[in-house]
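Paired with chain B in one complex and with chain C in the other, chain A is shared by the two complexes that follow.
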Partner chain A sequence: MAAQLVPTRRVRRVRAPRTLPRRPADRLKLFRTPTQKLTIVVLLVVYIMLPNLLTDFWLDVLARCGLAAVGAIGLNLLTGYTGQISLGHAFFIGCGAYVAGYFGVQQNLPLAAWLPLAAVIGAVIGAVIGPFALRLRGDYLAIVTVGLLYVGAHIFTNWTSVTGGHAGTATAAPVAIGPIDFNHLHAFGQIYTRRQGMFWLCWGVVAIVALIATNIVRSRPGRAMQAVRDQDVAAEVVGVSLTRYKIGAFAVSSAFAAVAGGLFGVVQQFVNPTDFGGAPGLVLSISYVAMIIIGGIATIRGAVIGAVLVVGLPQVIQHFSEQTHIPFVKSTTGGSGVLSVFALNQIIFGLLIIVFLLFESRGLVALFERARGYFRSWPFSR
Partner chain B sequence: MSGRPLLDARDVTLRFGGVTALSEVSFTVERAELFAIIGPNGAGKTSIFNCLNGVYRPQIGSIRLDGVELIGKRPSTIARLGVGRTFQNIGLFTNLDVIDNLMLGRHHLMHTGFLAGAIWVGPARREELVHRERCEEIADLLDLGMYRNRPVGLLPYGVQKRIELGRALAMEPKLLLLDEPVAGMNLEETEDMARHVVALPDELGVAVVIVEHDMHLVMDIAQRVLVLDFGQVIALGPPEQVQRDPRVIEAYLGQPG
Partner chain C sequence: MTKFLELCVQGIATGAQYALVALGFVIIYRATGVINFAQAGFVVLGAYLAYDFHITLGVPFYPALALAMLAGALIGVIVEATVLRRLVGQPPFVVIMITIGVLTIIEQIVPTIWGANPLPLGDPWGVKSKKVGDIVLRVSDLWTIGIVFGVVVLFFLFFRYTKFGVAMRATAVDLEAALAQGISVRGVVAVSWAIAGMVAALAGVTLAGGGAGVRPDIELVAFAAFPAIILGGLDSPGGAVVGGLIIGLAQSLTAGYQPEYASWLGQGFNLVMPYFVMIIVLMVRPYGLFGQRQVRRA
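For the complex of A and B:
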């Protein structure tokens, strides 16, 4: 009896839930639960089957969603994971497109050379820009990166031997990996269109980039980036070099942006400076910020979901407003109605961002997680 | 063991414009010693910590750890040399879970860079596993196991303080700086924390410098106490000697009328 009156060390050990294995080796597995394994199989089937089911128009939209997802994953590494706000993303995307034009079209290098080269060039330019982030943060960094867009506009218009100046340049770079040419795919006696090939190419790259980003995020450099975001003084005090990881995040983010730009080049086939420089570049950069906010800050899935939504939704709205009559919306330039389809797009887009910031600042991914939590604890959930 | 102390601070003087935050502060800390720094508010206790790990750069003086000059080095370099630290108002990475916070303590012991991390398979994964095992041990040592996968920002204050101690320990430092480890804790939490802190020098061989306002705690656990007032050392010695020092009593209670 007396022994119990002495305060003993409290025992707080609780058995970890089944979904969180105690052994680190198990916890580090990418696809752990049956649901995750099933999801990846379903995604794989969708990836293979979708081009056989959709029209070329929607495949083109989805290919553009895919390349945007690559860029959004890059921006999320910088903004979501490292906490550095950048509005210069369009500049790096432009760099990638011109790499496709110069090394792919003019020098005629194969995909396996020009696409990695785009990543390397993006990384180098990003690493050069990165040091600005050492002295500036938050709004100030955002403003400085806007400056990048105008520098970009100048370079894109005046370096004519590479960019073709105002007139633009062809960017339909080679897209063959060995015998597999995404422009003219054929298998099992079937011949596939360019659009089908572009879908497979872009989403294949999304898968690779998403895997690379996930790996960075779950290992030492990604943890350091998040430490810089959450508490920069404490990060430095535990031995994380702010210089290295801020510049590193810029480099990786720009590398992904340049890859996205290269894909944009091959999908679009022709680019000019108004695609990325100056004010149009700012709109493009902001739409990338919108992707990661709507999808989910600091998640890889979120960047992909956000990209699909931000790039895909306007097309869906446009398509259906042309097919069906939406009140007050004119479907043709001369038609009756208060709003144009473009204006409706902008309004829906703006509202989405406001709604997300007000009600779910963690983005669509958080909605999924909440739903998952609900079903996991059912019937005890309210 | 050689006669050289682990930490040797000499004539450290720190000024902010015309304000002298620290004035010729000198002290040494031996290996595996539990050393306390006390003093009234604004005496310069936290400033000393900030000088020791490179957040501030004193204008005059020298701070040597195992003979290596620390003044002028960046905090991340000093961390690599073996100085761990906790913060007065908690400096955790709030969106990361407990294990990731501890893993960040081991950042300087690991080598994976961006490329190896991106590839993951091979060295990055192996290194991750080794250090995660160690972090699990530290989490268990500090009774943090049950929170291991929770974002630390959502955990109670006392637990966060313990996670911060864990993160500093994960660094495997030679010298551990604890800035008010029990501030704002209730009696039970304080005793919990004290038990952990007292065990450190003996079990891990780490020297601990603690800044604390809880006098009972300091006098109970410290081997030597440094008393600061207005940036100057007014006493240095074992607790019982410091407690009787008239200048210390004056600094805390004021001059007899």
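For the complex of A and C:
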């Protein structure tokens, strides 16, 4: 039974890009080409400038995209690179949010303490769950991780001293690093709003997490993880320890999820069990899986692009529906039209999953790459 | 003792519903190797269709139930023909996510057509109860148990004694060998989806009966059948029934006794009890109680 994750249906003749370095060692470099270096510079400029250009509403949306990207990168390490299906990602996100609530708000620890603590706690819980992946595979693992959501919901509602039970708990943990407080940033005589600060915080964390993830996947553990994904029995035969890398992938992925959850707590300021547990948790987990499918399985950028699309698109549609009338859609409760905006968004979401898996199972990243290849080899492209 | 017996009957009734939902999952899994998350959507659709036939169109209840089951079968066949047929040979991850995509769409179609409020199913069972000795039993529970066991027996007879049933079992054992013997695998797959749609509609009706009403969150009950499937083993119909009953009994007995004897486990522990049973069983038997152990080669 091949544990193949990314189907290779269409075989294409691929021309090696001219910029690919000859020496194998160069291919492992973090930034391979001048274009990549340029992209980093452009992204940095956008990162710094964007909060000055957008309204607070869109900054909030983008901050949520950013924290989702952190979680999606984590899930992509587990599902995309290691091939372990998990529908329990929301549980780890919840753990992170409650760490923000307990250690950040109740114990009043600073950002530099509670956020790493969230990662550590997430990693430990992930490592405890990990052994299940050694025993189970594919379909069974997917369903057991669904069970995790329900067990998690039970813990979240009953451990009231930490989670506040059904009523929920405040999670607006402190977000100051030394003198820089992301709640009240001021520099060059300018005072920035909380939303602007949240954007910088979330996307700053995305950059750090993306760097860590890139370093994992381009080095020995990354190659081992992909070997486990492609053929775990074969990987074990050539000396890859399944125990180590499956549990390790779970730990790292949950650590990232918990960091995302901590950021979610800070942005949302208040959470309760219906944010992560049971059926809503399943919806949240599914949306994370959708992010990596739509963005691109087993790519770091894909996870980020997917997160921006899955979190951002519903907001854009919501906004658009308030401005103009979309046929068949009622923009306000009691307005005309058969479909609510929420329903429309969910249907688009479902269709996106189906369409991408059927027609481009390697996601948007592959679409970009194909377009780039087309123009690069023009006029010989087909 | 009275309480124990009452809880047992309730548990068996709940378990019978789980068994029915689980049976739908297992039939499709055996024929195609697909875990069909959209099954939960079929359950909800089935209940609403029964409501439409019975209340809106005025068909008597039992014929309406039969019509809903036929419609459920049709929905199953349509989903298979339009979406799932394209996915033969794809890895499980892809297939699971596609069925989740289908579920997401069904989930939104239902409240768009019927609204989000509970609707009365108008079943003849209602909220009536019956006294046997000291034990008070809900009529709808008794009917559920009766109907479900009738269907399960029919189903096993079909599998055992009809030509098509044998063809279905052959396909489950070895798809290529079945093809070579001239069995229409495509037909087997379509019939599997049809049967799954039928039992889903029946499950939906029993879930909405007994005064509970037709409501979108019937779907959640369908998800609660997951532990039952895993417990019995994904590819064993008998396992689905046994798993469903075990989970139903465990849940109802926990609901009855845990608040009294083990309150430290927290409120609503009965809702997560199935998952603990599932996890414990899986640690001992990774392919469920009756599931076939897969041999893996590199």
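By our rule, the second predicted complex is superposed on the first by the 361 of 382 C-alpha atoms of A that agree within 3 Å, B and C clash if a C-alpha of one lies under 4 Å from a C-alpha of the other, contacts with A are read in each partner's own complex, and residues count from 1 in each chain.
As a working rule, a contact is a pair of C-beta atoms (placed from the backbone, for glycine too) under 8 Å apart; a residue touches a chain by one contact, two chains touch by 3 or more.
Worth saying up front: this structure is predicted, and the values here are computed from it rather than measured.
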Review point. Now for A:G222: first (chain B), second (chain C), both, or neither, which partner does it touch?
Key: first
Study note, to complete from the structure: Comparing chain B and chain C in the superposed model, the one touching more of chain A is C
Point to revise | Which superposed partner A:V124 touches (first chain B, second chain C, both, neither) | key: neither
Practice item. Figure out whether A:A142 sits in contact with chain B (first) or chain C (second), or with both, or with neither. Key: second
Check your understanding: Given the touch rule stated above, what does A:Q231 touch, chain B (first), chain C (second), both, or neither?
Key -> both
Check your understanding: Touching A:A176, do we find chain B (first), chain C (second), both, or neither?
Key -> neither
Exercise for review: Based on the superposed arrangement, let me know which partner A:V252 touches: chain B (first), chain C (second), both, or neither?
Suggested key: first
Check your understanding: Looking at the overlay, does A:G350 come into contact with chain B only (first), chain C only (second), both, or neither?
Key -> second
Point to revise | Intersection of chain A interface sets (partners chain B, chain C) | key: 7, 231, 233-234, 237
Check your understanding: How about chain B: which of its residues touch chain A in the complex?
Key -> 53, 55, 74-76, 79-80, 84-85, 87, 91-96, 100, 103-105, 107-108, 110-114, 116-120, 124-125, 127-129, 132-133, 136, 143, 145-146, 148-149, 167, 171, 191
**Study point:** Partner chain C, residues of chain A touching it in the complex
**Key:** 1-5, 7, 79, 83, 85, 132, 135-136, 138-140, 142-144, 146-147, 150-151, 153-154, 157-158, 231, 233-234, 237, 278-279, 282, 286, 289-290, 293, 338-340, 342-344, 346-347, 349-354, 357-358, 361
Review point. Any idea which chain A residues touch chain B in the complex?
Key: 7, 10, 12-14, 16, 20, 22, 24-25, 27-28, 212, 215-216, 218-224, 226-227, 229-231, 233-242, 248, 251-252, 298
**Study point:** chain A partner contacts - residues on chain C that touch it in the complex
**Key:** 29, 35, 83, 86-87, 90-94, 96-98, 100-105, 107-109, 111-112, 217, 220, 223, 226-227, 229-230, 234, 266-269, 271-272, 275-276, 278-279, 282-283, 286-287, 294, 296-298
